[in-house]
Amino acid sequence: MELLEQDFYTQAILSLAALVGLTSFLMLGQGRLLRLIFVFAIQGLLLTLATALAGYSMNNTHLYISAAITLLLKVILIPWMLEKQVFKLNLHRDVEALNNKTAVMLGGASLVVFSYYVLHPVIQDTPLVLLNALAVGLSVVLLGMLLMISHRHAIAHVVGFMSIENGLFFAAIVSTRGMPMIVELGIAFDVLVAAILFGIFFLHISRSIDSLDVDQMNRLNEVDQ
Amino acid sequence: MIAAYLLLLLPLSGIVFFAVLGHHPRVGRINIKFNAFALLMSLWLAIDVFQSGSIISPGQLFLIDSFNVYLIVLTAFVGLTTSIFSAPYMRHEQENGKLSNKRLKLYYSMYQGFMFAMYLVLTTNNMGILWVAMEAATLATVLLVSLYRTPESIEAAWKYFILCGVGIAQALFGTVLLYYAAIQIGDTENALNWTVLYENASQLNPEILEIAFVFMLIGYGTKIGLVPLHNWLPDAHSEGPTPMSAVLSGLLLNDALYAVVRNKMLVDGATQTHIAGHLMMGFGLLSFLVAAIFLHKQQDIKRLFSYSSIEHMGLMTFAFGIGTPFATFAALLHMMVHSLTKSAIFVTVGHAAQIAGTQRIEHIRGLIKTQPAVGWGLLIGTLAIAGFPPFGVFTSEFLVLLATMHSYPWLTPLLLLGIGLACAGLFRNIQPMVYGKQPEGQQLVPANLWPVIIHLVIVLWLGLSIPQSLAEWFNQATILISGSAPL
Amino acid sequence: MNWIIALLQTLLFITLSPLLAGWVKWCKCRLQNRKAPSLLQPYRDLLRLTHKQPVISHTASWLYIATPYIIFSAMVLAASVVPLIAVDLPTAASADVIVLVGFFAFARFFQVLGGMDIGTAFGGMGSSREMMVSSMAEPAMLMAIFTLTMTASSTNLSTAIGFVLNQGLVLRPSFIFALIAMILVAIAETGRIPVDNPATHLELTMIHEAMVLEYSGRHLALIEWASFTKLMIFGVLICNIFFPWGMAEEFTLSALGSALLWLMLKLSILAVLLAVSETLFAKMRLFRVPEYLSFAYLIGLLGLLSHIILEASR
């Protein structure tokens, strides 16, 4: 299972997997919303490239359609919607100061190790070296969750949520050469509707509590005052 | 099979219909008619399956077997009775100015959308579409939880959206792993079909399926409301309009449990160990005990009953986890009686909140004097859900206790403790609400309590003697799930 | 014979380093729309400084006078260890990455002490800042280098570069991460923007310059030359570890000549990129440098992890 024994496409897909993981880390450290959305779009673009490469090297036309859907949804449509929201709510000048960036980053690295540990029995016995990228997929999911935990802004939560979907999509591509088309279309539709609903939510939240800081949403408690 | 197609097409057309016409004053009745028709379709399907066994659609897209047809009928029934309740309730809300026309349109169209998603969850054969439909059910109800647009309800809806969305993404990862395990052994086109997977379960890689099941338990378990993933449930169920609480508590939790049990059947076939069952038992027991403790702290009536929902879903998960035919029979029965009782309770709670003008327990008093129907409904409903004989919940809880004593005797004291705690917590709060001194200014509300009466009568009937056809139905489902009959 | 080539390679290293610094300065000036000094200006500066008499404070100790010589010798030794144009060094036995890092640490130790020796406030400030930066930059650099050594299963630079060279074009995910980490660390260690501005005259913004504020004459010339050599060492490391094609594998004149040309091409491209980044970015505030360096460390760690996850054979 040496890297050298694989053809160029497999190496390229593995490198793209590493870069997708890198974008997840870059998102963890971002304080500015517009840059966060930009890095998210880059992640989507890398994902599209990886899908198209996988489709080319495995001769699977399915994957070209998936790549096109990902490009449309994750690189163009959703970042555009989020950017529009940021400008409409006048948030493009805010810088969110994360107070323990180093701890968050190191936590992210340990999540990568953890995801590899979890998937080790799956990866162990297969001859397909691509499957190692499954660990990267799971770590992108976990890093998306870490992004949601460490940021206070609602739009950062949405970006984290979408990057979780990115990680899942990547895991599906790498391990199964793409899910059946109808399932992929269903998932894409769900993601789109979720994005639209998030947009509606931002409007409601900002109208009701006048900010998008989720720390302000704390009226519902277990312990009543 | 036509019945299944109609069952799905009808709510789908309902979405469009109500999006356009939802503000019309008589729209509540049309909603009732939609749901009644769906109930007829589901009964037709049930009779079909009862007589001739499982039905698979051409193209293997839909599967109706004894397990899900029972849930389909239950869903349709509770959907119908809730819509009967919701018609005057929503009209009252509209007249009081709490809801605009636009929001009523949203409410009715999303009601049908939600029903569509749930029918799709129950009838689909494809595990991927199952996931898509569960996510769609979440999306359909998210905007409904924040229907009143108060800061609390928006917060509850946001929590619901984020927690359930992230949770269900884990379930998608589990589905991907399942698909990966499936394509190792055969063709890729039908690899996500449950029938194909179930037939070839013993050939699937056990390690991969174990990891996949953990992800799916966490994912769908978030939607069931298993502790520690339950945080969205009390908020979402208490802040939305009451028909929404009834439907969420009664139906959506059942569907998520259905998804987990389907996956458990696959994992059991593959691993030949009990790890799936043990995980379910652990989470179920934890939810049961934690919810029973938290019940005591609640000061909002709907939150109180949401914790009761978490507790009962924990008990059901525990029972399905035990896995013996006896426990499975008990769990199926409990699914039915819990749905019926909980939706009935939420109906009365909704009326009680309307009477008192608030949802806080300390401000609701003397219901039996103000509007006796509501007061008695609440009292009897609470008696039922706390597990008093002769109601059906007592029967199913008793069966679960018996099953536990048979397989894991040392867990029985914990179950008894939980049941006792929950009963105490519920009655501590209900007693003053129903009997206390009537405060000033409370007036009667137009209430259609027939749904409550019908539900409670059915639950009483099931507690006294389960009709033969229903028992046969449960038997078939139990054989499917756990391999042999209990009786 | 090989030892003569080793000596020539080291001489080539230290004579080419001012040219590289001059080229970087030329690019920066042109990018900022200024008239640039000639490429040979650093040589003229070094020559001018050696003719001047060093002015030494009367509170200085032997350390102050010995430091420039120690720093310069350490850099020369480090330059002899890094493969410049030939992969197979005669000094290969000692061409270990850890030895290289040790040389840098040795030089840095004396530079820091030299900055504090006279007792000026700025010297002490520069020294403490330098120690803070290097305490985080060294682990990051080691992480990046370890990725290479784990791929090649040896910490010897010659063996490792030879290994990578002989495998042809292989896209390694871990190398992408190691390259990014190495670039980030190189900027920090050589004191370029955005960590430290080499052209600043404001003492409170200095890190490296503050330590050498008091030096003059031939001492200053040696220290300047040592910093040019350090810049070139990092540049050569980045070029030869990650893009080693063109290096000479045998000691024939044609191979060495073409390797030299390839190296100069790669270094000049790297220098242009450095100049562009120095022009585009502003210097970071000091309290953000630890964040920057821990990010570099993290990238190096990710490179190691991706090596283990994605590449290592089982």
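Observations, loosely collected:
Per-chain residue numbering starts at 1, and chain names A, B and C are given in the order in which the chains are listed.
Simple rule for what comes next: a residue touches a chain if its C-beta (ideal position, glycine included) is under 8 Å from a C-beta of that chain, and two chains touch if they have at least 3 such contacts.
Because the structure is predicted, anything quoted here is derived from the model rather than measured.
The chains touching chain B as well as chain C are A. When every pair of chains is scored by its C-beta contact pairs, the maximum goes to A-B.
Chain centres here are C-alpha means, and the one lying farthest from chain A is C. Closest chain to the protein centre (all Cα atoms averaged), using per-chain Cα means: A.
Centroids built from CA atoms put chain C at 66 Å from chain B. Each chain gets a centre from the mean of its Cα atoms; for chain A and chain B, those two points are 31 Å apart. Rounded to a whole number, the gap between the C-alpha centres of chain A and chain C is 36 angstrom.
Put simply, chain B touches chain A in their complex at residues 126, 128-129, 131-132, 135-136, 139, 142-143, 146, 149-152, 154-159, 161-162, 165-166, 169-170, 172-173, 176-177, 179-180, 183, 188-189, 191-192, 207-208, 211, 235, 239, 294, 297, 299. Across the complex, chain A meets chain B through its residues 118-119, 121-122, 138, 141, 145, 148, 154, 157, 161, 164-165, 168, 171-172, 175-177, 179-180, 182-183, 186-187, 189-190, 193-194, 197-198, 200-201, 204-205, 208-209, 214, 217-220, 222-224. Interface of chain C with chain A (complex): residues 167, 169-174, 176-177, 180, 290-291, 294-295, 298-299, 301-302, 305-306, 308-311, 313-314. In the complex of the two chains, the chain A residues touching chain C come out as 1-4, 8, 11-12, 14-15, 17-19, 21-22, 25, 29, 101-102, 105-106, 108-109, 112-113, 116, 124, 129, 132-133, 135-136.
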